[in-house]
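Should a chain be cited, it is by its letter among A, B, C and D, assigned in written order, with residues numbered from 1 in that chain.
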Amino acid sequence: MLKVGLLGAGRIGHVHAVNIAGHMRSQLVAVSDVHQEAARTLADRHGAEARTSDAILNDPDIDAALIATSTDTHSDLIEAAARAGKAVLCEKPVDLSLERARACLRSVQNLGVPVMIGFNRRFDANFAGLKTSLRAGDIGRPELLSITSFDPAPPPVDYVKVSGGLFRDMMIHDFDMSNFIMDAMPVSVHAVGSSIVDPAIGAAGDVDTAVVTLTYADGRLAVIKNSRRAVYGYDQRVELLGSDGLLQAGNMLENTVVRSTATGVVSGKPTYFFLERYMAAYAAEWDAFLAACLDGAPVPVTLADGIAALAMAEAATESARTGRTVPVPG
Amino acid sequence: MLKVGLLGAGRIGHVHAVNIAGHMRSQLVAVSDVHQEAARTLADRHGAEARTSDAILNDPDIDAALIATSTDTHSDLIEAAARAGKAVLCEKPVDLSLERARACLRSVQNLGVPVMIGFNRRFDANFAGLKTSLRAGDIGRPELLSITSFDPAPPPVDYVKVSGGLFRDMMIHDFDMSNFIMDAMPVSVHAVGSSIVDPAIGAAGDVDTAVVTLTYADGRLAVIKNSRRAVYGYDQRVELLGSDGLLQAGNMLENTVVRSTATGVVSGKPTYFFLERYMAAYAAEWDAFLAACLDGAPVPVTLADGIAALAMAEAATESARTGRTVPVPG
Amino acid sequence: MLKVGLLGAGRIGHVHAVNIAGHMRSQLVAVSDVHQEAARTLADRHGAEARTSDAILNDPDIDAALIATSTDTHSDLIEAAARAGKAVLCEKPVDLSLERARACLRSVQNLGVPVMIGFNRRFDANFAGLKTSLRAGDIGRPELLSITSFDPAPPPVDYVKVSGGLFRDMMIHDFDMSNFIMDAMPVSVHAVGSSIVDPAIGAAGDVDTAVVTLTYADGRLAVIKNSRRAVYGYDQRVELLGSDGLLQAGNMLENTVVRSTATGVVSGKPTYFFLERYMAAYAAEWDAFLAACLDGAPVPVTLADGIAALAMAEAATESARTGRTVPVPG
Amino acid sequence: MLKVGLLGAGRIGHVHAVNIAGHMRSQLVAVSDVHQEAARTLADRHGAEARTSDAILNDPDIDAALIATSTDTHSDLIEAAARAGKAVLCEKPVDLSLERARACLRSVQNLGVPVMIGFNRRFDANFAGLKTSLRAGDIGRPELLSITSFDPAPPPVDYVKVSGGLFRDMMIHDFDMSNFIMDAMPVSVHAVGSSIVDPAIGAAGDVDTAVVTLTYADGRLAVIKNSRRAVYGYDQRVELLGSDGLLQAGNMLENTVVRSTATGVVSGKPTYFFLERYMAAYAAEWDAFLAACLDGAPVPVTLADGIAALAMAEAATESARTGRTVPVPG
């Protein structure tokens, strides 16, 4: 039984609280948030206490910290929690600064505690199933990867301004997915971006539509497409061409109802957004973290994985700005 | 907050226990079972007490009884619970005897407590979605209904012998589904059955494959197909032709992975059996029961609904035996 | 090179003319029709002559007759053509009278000429592919067959009155399909019909919606569903459950375009009617007839096959009228 | 009635011959080929004459020339045919040299004869259907286009050596498709390529796998993926994200049979290669050419369209070689 303190009682904190409290092998002991009221409400719902994050990290009875606070606090909290001997599951991204994230890794890497980054999509049954099939050799050697990742609607411009930009905020998930599928970092990144969905996003210095091409040392290629707006719902697909075939992982649909009328054949839309699509993935992620903490299983998504995705995001940001292909540090 | 006693700690009792204990508006207070050890294990897991069913029904602090015991006890327990003032959710079928079920209805109908029968499939998002679309007028007037319902593998012959036969045990779900979709009872039933999957089922006096045709007073038709064996998984589909189109509700798949190779294009199989397919439906069913108990919403599946399905099963059993079309009592 | 006379220059005659004239191994020599002008127009288009049917059947240079005239002339023309030594491909049905069709068979069976009935659906790539998979053992032993066959719109009531009724006119294709797939005649037929699509069809003594259940000597079952109206297009599907799996053959779609918007995901409708759906099947049928005539291949759909389907249609008509299950003569 | 001379009796010449001879509004008069025997065989099959290409172009009775010879002869033959007053349909590409193609355009543009380039995919019902839906405003303003185009198997290396390279030989179809869909040329092209399918292709100086990103003046983006090998068959898909939704056009399948067994759910593969997939598109292309020649309809794919695609291929070739983004001349 893992005793857990949850730092951050926002939307994603609520998701984690349900999984922590509902799992037979973990217990939600305490919740903190910069808004004390939010912490109290969430804590009450699950029979936990509302505390400060310091109080959580200093409590010797707490085994693990789940960090679901704002991005700018991640590195500090990872270091503090790890130094306090807590196992850590931290939401992505590690940091908006690659340098700071690397320093964080140096700080904690010899402390002997599990530190996991919350790239939840690796635990989606569809993407995990694709990976399983690839590992089984179903399509031979991978050659060309395509990732499509569209959000249903753009975020507020105020969020965009502090997000670190599309490549660090949104495509970072896809960079991690490419690393997960390809089992390697690319050697170079080429990115083009555009603010065609919402000019205000362009005015804020960001893009809302982007295409990134990744080149691997052995000649494999990958392409990632992002858009901040797909009015039909969250569109999350992965497709991998290999020497012996093609693997595709598609969207989950609202339901299986098909309606055929004189005007056409209509089927269900993709589930609306990440909470609907990835609810089961968050539960599987928590299960995997428990296995790492309680059973000694390897940490499935390491801090180094988080830094790798961040390095790719940084390269993509530079490429989109300069128009040049940017090498990725080995 | 509804305080609930669960009668029956078998496989389906476990499913209900999770939903009762996990819902914000209900609390699992006590569990009973003919095997005390089973009751204790399940009660412990959810912080409830193991008791006898009498103790549960006599506890004035308990608001509702969920009856998940063997079929032969259903009518007696419904009556006892309702007389004790408990709201009741009872697993299907009400009884193997239509006469006994009708007597049960007479006993409880004036007691003023909600009594709901657990036809879980009405709460499946796919079938409920089909019904919603029908109600919205998407396909005009319904004309021809088809229900396909195949189990992945036949039950043990010992079970078959006490099951009441395929029509009462398995197709009863589909009879209720036809009533749910068509909003009417048929006027006659024609059934053919065969024991082609397993001759031992035939030797036990039952069938394992059956086709039933329903005729409605206004000329509408329905056909139900059952098989005890579909090696690819639980196959649960509904299809409705109407004056303005067709509605289809299909299977849930394991995942969305598609694998294209030189030998073909392979996609996921249907989820294996009812626990996988209908897990979300059981939760939605519980939620609907809570709405009936706590919010005064109408009971969505009544005892009369359970009797209607049973009457159709009885008619089908007779039709399959005699080869004749059998009228359904109005 | 087979020299062919075409009897009948109506809609289906036009389809056959294109296939005869376009095939490398056949030549369209002459066309007849009760409307001489229709014969002349069609003949001119393909460089053939317009003649009377007598002139065609008496021409020793003509090897084969394709009979695409009205149903009431089929038996007479089959006999006349076969006696004149012509190979015969005759459109379905052989006759509306089972007795007359049997007499026709007795007349021609010893004449030594190929006589084929035009059950075109056996040559549809989807249904033929299903049969190929069945023969390959992909799903083991067949157990339960379902045929769905809906027309896009009901025919004029004047046509209905002379059609012989839905079972002889429309479902006869499905009876042949069941024989093709199951490789056996059923031992009994149960039919229910309804005139729910168009009351005028009921007033004319026919049904427009029907469900037929077939029982086989070895316990296999089949169900056929017909409707005269599916506003979304021609709906032609076959589904076969076997001991090792399920085979399904579905509709051809207009195109593969899928449109996802805020209101739903819309894909192409089935091709509109039989000419669109079965155009390739008619060409494959002609190719198979040429193989029977020129290469000594067995006739793939015999006159006896035509009579078998007609016997089932007669039994279904009686069952729908009486409400009783009707045995099929062995 | 258009009288047509066919130059080139190879594989694609055979496809065109069937369409020319089979169309009610055209007649195949003569066929030429560098291999006289090939010309004679094809001409005989369709009742045409075998001639030299000079004899065809000098025959005043011939209205149009279909050029299906080797690429290096295209420009010369287009010029000769147009000067002889023939309408021209020429297979893609116009030329491997952009300069020569432009000279060809200058030569013929004032001659007043229709000159059409054979980008057959524009006439595929799926891609044409996507374009129709786009024009109808179904997805609003287009933002992000994706084209997937995989061949089933790589060509012989000897062919690769004279092909002009993947971008001119294979992706040129996709460049034209992007122009067709986007109704604009991009302002810049970025390409990466790899010879991961077959090292011999790399040794011959070409690539077999490539990703190209196109940037448009108004901020729209497009990505094209090519591979010379998809072992499951010809994979030809287009996907377009717009402000109001997504359009997808997919593959044609061998048939609609779906086989569900204990090992999975297997459906038909894509049709094998371009002749299977695009047979109907070639016929529609010919029909459109006839409309331009006989009805005064605008030429649907002009010589300028052919040059635009070639200019993009040249830019992509340079980008893949240098690693730099290459502007496309306006």
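General remarks:
As a working rule, contacts are C-beta pairs under 8 Å (C-beta built on N, C-alpha and C of every residue); 3 or more make two chains touch, one makes a residue touch a chain.
No experiment lies behind these values; they were computed from the predicted model shown.
Looking across C-D, A-C or A-B, the interface that copies B-D in more than half of its residue contact pairs is found at A-C. If you compare A-C with A-D, the chain pair joined by more contacting C-beta pairs is A-D.
Centroid to centroid, with C-alpha atoms defining each point, chain A and chain D lie 41 Å apart.
Centre to centre, using the average C-alpha position, chain A and chain C are separated by 57 Å.
Taken residue by residue, chain A touches two or more other chains at 230-232, 244-246, 260-262, 268, whereas all remaining positions touch fewer. Contact residues on chain D toward chain B in their complex (touch as defined above): 230-233, 260-262, 264-270. Of all residues in chain B, those touching chain C in their complex are 143-144, 146, 148, 150, 190, 192, 194-197, 209-211, 213, 215, 218-221, 223, 225, 227, 229-232, 235, 241, 243-246, 323-325. Residues 22, 24, 45, 125-126, 129-130, 133, 138-139, 244-252, 254-262, 268 of chain D are the ones touching chain C in the complex.
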